Amino acid sequence: MSGRSTHRPELGRRLVAELIGTGLLVTVVVGSGIAAQRLSPHETGLQLLENSTATVFGLGVLILLFGPVSGAHFNPVVSAADWALGRHAGTGLTGRDVAGYVAAQLIGGIAGAVLANAMFDLAPLQIATTTRASTGLWLGEIVATAGLVAVIFALARTGRASLSAATVAGYIGAAYWFTSSTSFANPAVTVGRMFSDTFAGIAPASAPGFVLAQLIGALLGAGLVLVLYPDAGHAAGAVVTPSAGSPSRTGVT
Amino acid sequence: MSGRSTHRPELGRRLVAELIGTGLLVTVVVGSGIAAQRLSPHETGLQLLENSTATVFGLGVLILLFGPVSGAHFNPVVSAADWALGRHAGTGLTGRDVAGYVAAQLIGGIAGAVLANAMFDLAPLQIATTTRASTGLWLGEIVATAGLVAVIFALARTGRASLSAATVAGYIGAAYWFTSSTSFANPAVTVGRMFSDTFAGIAPASAPGFVLAQLIGALLGAGLVLVLYPDAGHAAGAVVTPSAGSPSRTGVT
Amino acid sequence: MSGRSTHRPELGRRLVAELIGTGLLVTVVVGSGIAAQRLSPHETGLQLLENSTATVFGLGVLILLFGPVSGAHFNPVVSAADWALGRHAGTGLTGRDVAGYVAAQLIGGIAGAVLANAMFDLAPLQIATTTRASTGLWLGEIVATAGLVAVIFALARTGRASLSAATVAGYIGAAYWFTSSTSFANPAVTVGRMFSDTFAGIAPASAPGFVLAQLIGALLGAGLVLVLYPDAGHAAGAVVTPSAGSPSRTGVT
Amino acid sequence: MSGRSTHRPELGRRLVAELIGTGLLVTVVVGSGIAAQRLSPHETGLQLLENSTATVFGLGVLILLFGPVSGAHFNPVVSAADWALGRHAGTGLTGRDVAGYVAAQLIGGIAGAVLANAMFDLAPLQIATTTRASTGLWLGEIVATAGLVAVIFALARTGRASLSAATVAGYIGAAYWFTSSTSFANPAVTVGRMFSDTFAGIAPASAPGFVLAQLIGALLGAGLVLVLYPDAGHAAGAVVTPSAGSPSRTGVT
């Protein structure tokens, strides 16, 4: 435990990283959605291709930019899973860390939508009106979030955290398309996307259903990790989770 | 030999990985095909670009997610080639392993199509009606499968299994386009795609021709590996095939 | 200091690298813009997707091609930030180096536009007429440049300069879409793009606003680096900035 | 010299690799061009995007598949530059090797076009009728080939040959768009593309102009390498050119 605090940046700096990182992630998702909608007005498929391509690149870069500071969670269910899966080995976030992370992610997510609106000369403060609710969409969010959590912690448990940026970005690039919900897979991003009535927006009334599905998906994903990599606990001391660490431990060497 | 069983996860866990992994691969292919068909209804080329892009990302991620457990074959001809090419050095799957892998892949492939149908609010159980049969298409499948098998085992025989995820995914991204058949190249995925009457579907009557072509292609691909890398057998003890191993051996280090 | 001059190529060769590299970067941006405009005349979104995809690939390759010689800045604000952030540790460019770099970048940028015009059988010398001016666009340039500077120096300060090519290219691929300004983020490229009245052009009257926004963004980006990675100074001796070095230090190993 | 022959596979096997590799490269270019033309009949830009995306993936994979055997030149000007730039250090191909490589590349290139035609149920033997001739196009080929040669040998001279697959593929992905000629940049591929009267075809009467421009470009590219990396000769003994070697030397480790 004392070793951990030695290697991990102080909480304040990590919260700054989570706040700005989650904010920019929402800026990428919402901003590229606005650009796609304006430039390809008659082709929804092309809009989503432009939106998903920009998100793949943006998410990968943000993980590299903020990862060495905070682990680049940008996602409350990832922070919670980090705590849950790392409890026994003492390698995950503490409960207090998780609370701070989630607050920073939510505030950042909202600010990121406002920034995207402002850049595109739209009213900075607005509420989305796009309803997203159906059994299929909720199933999509369950699958999307389960896969995301499984990928992140499978890499962490097998000493491949240095591949997280490319792999998580690639996963989202696939999940935009193979799930029916375009893979929000993130409660903080879901909340942020409530604040832009554009391509990527989600009506506040639809958000609780999405978040509930994401929580179920996160549980399934964590379960899959335990089935696939049950005894990787002792590797935890080296490189466990994307939050574990100083640059020299999570950086690609 | 004894050393092999020491490093490889128990068979049950490997079969779970092959079942879920093949399932999700079919979910990616079929699901992104449905999304593409709905969002770009008037442009078949754009549909295939969306479908192939999602598959590149999804396949690469699935190999990283399941590779350290089962080798991430997701494909009966890859499992069979693993047995055939690794027999002499004692490094491949056993015959019994292959039987289990193929069964898991077939069950997973069907389940993956059902999941895709359900996510998109379609009837979960359905049979494809798209006929895919011509000399050119069969030649396409032969070429597609030969290339896939050659790529996988060329990497394995030259100690570059850590590049498998990106390379195999990239190969499929090319083969979707340069072959006439959009590169099924996988009997389990072919069977799974019989169960969704959507963009990626294949009528059951067309499946045997595709599978036969895939078997011929796999033989050609294995032959090409033996021509290009004939004496790589002694390297087999280190990192032979994508199935060889524990995380520390197949993981990217 | 003496150690630095030992490892770094002589200034003349570095200036050649910056001149040709910045030139080819503008050729990539402008040339692919012309091709996109001609081949996809009715779809602005598709034009930008073609333009941004080509730029991602081209920029990544140019960084790998010229990086070991000059650091592959291709951008006056990157060279200036390299000087500012490396002053204390004595690892950045000198003030005289920066002056040479900026001159080479500006000359190269203009020459690159002329080459693109000539390749596409257009008048080699021409002045763009596309007005790009609004609060949103300037905010876009601030965000774009802040992110670019933060990414470059975050990698440098954490010993991950070998990831610069892929990461910087990916960043631009996202920023083309998530910013409102399509992310010029570079005064030399902005000047170069004044010399082609095509897809990527910018009217000279709009350039000062963009450059001013880029300078503000660079300051913000450097500030973010100092917040996220404040005490990475002592790592500077090893691999500090993309300009630091001989092939063996910045090359991917 | 004796050391070289020890590490390099025998010439026959290398020629098989060059023949099949160049063949499959032309199959990728021509085949994906046919698919693009059929599936996106009304959008030339989208056709080229599909064609270039497939080529990026296919070329990268082919370099990884055949590189450890022959160096994966697939291109007469690359083989010639390998000889010219490696003469002094004794690390390049011999003159006799070059003759064999070029013959294998030309035969393979033609066979690859025939295979693509056959897969798409077209007449296997056909001659292209697309005229490609103008000052701008020739300038495009000069730039395209200069960049290609510079990239390949810059990586080789700085010990980064393991990045060749991704970098060369990415370069072509950019050059398809930023040059006016869509970057043939390869005499063997140019000859192969004479044999398919489809999207990627070139009329035989236009081929000599393209090949001449490619030769000029190769000279310029080699010159740029000598300017940027003049004294990298002594590194040649380790990892010089993509043709240098056994798997353990050119493989990604």
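For reference, chains read A, B, C and D in written order, and residue numbers begin at 1 within each chain.
The rule we apply is simple: contacts are C-beta pairs under 8 Å (C-beta built on N, C-alpha and C of every residue); 3 or more make two chains touch, one makes a residue touch a chain.
None of these values were measured; they are calculated from a predicted model.
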Classification of the chain B:chain D interface as same or different, half of numbers criterion: different
Could you pull out the chain whose C-alpha mean position is farthest off from that of chain B? C
Roughly how far is chain C from chain D, going centre to centre by Cα mean, in whole Å? 28
What is the distance, in whole Å, between the centres of chain B and chain C, each centre taken as the mean of its C-alpha atoms? 40
Chain D residues counted as touching two or more neighbouring chains: 43, 46, 49, 53
Identify every two-chain combination in which the chains touch. A-B, A-C, B-D, C-D
Residue ranges of chain D touching chain B (in the complex, touch as defined): 13, 16-17, 20, 24, 27-29, 31-32, 35-36, 39-40, 43, 46-47, 49-51, 53-55, 57-58, 60-61, 64-66, 68-69, 115-116, 118-121, 247-248, 251-253
Which residues of chain B touch chain D once you look at their complex with the stated criterion? 43-46, 48-49, 53, 56, 134-136, 139-140, 143, 147, 150-151, 154-155, 158-160, 162-163, 167, 170-171, 173-181, 224, 227-229, 232, 235
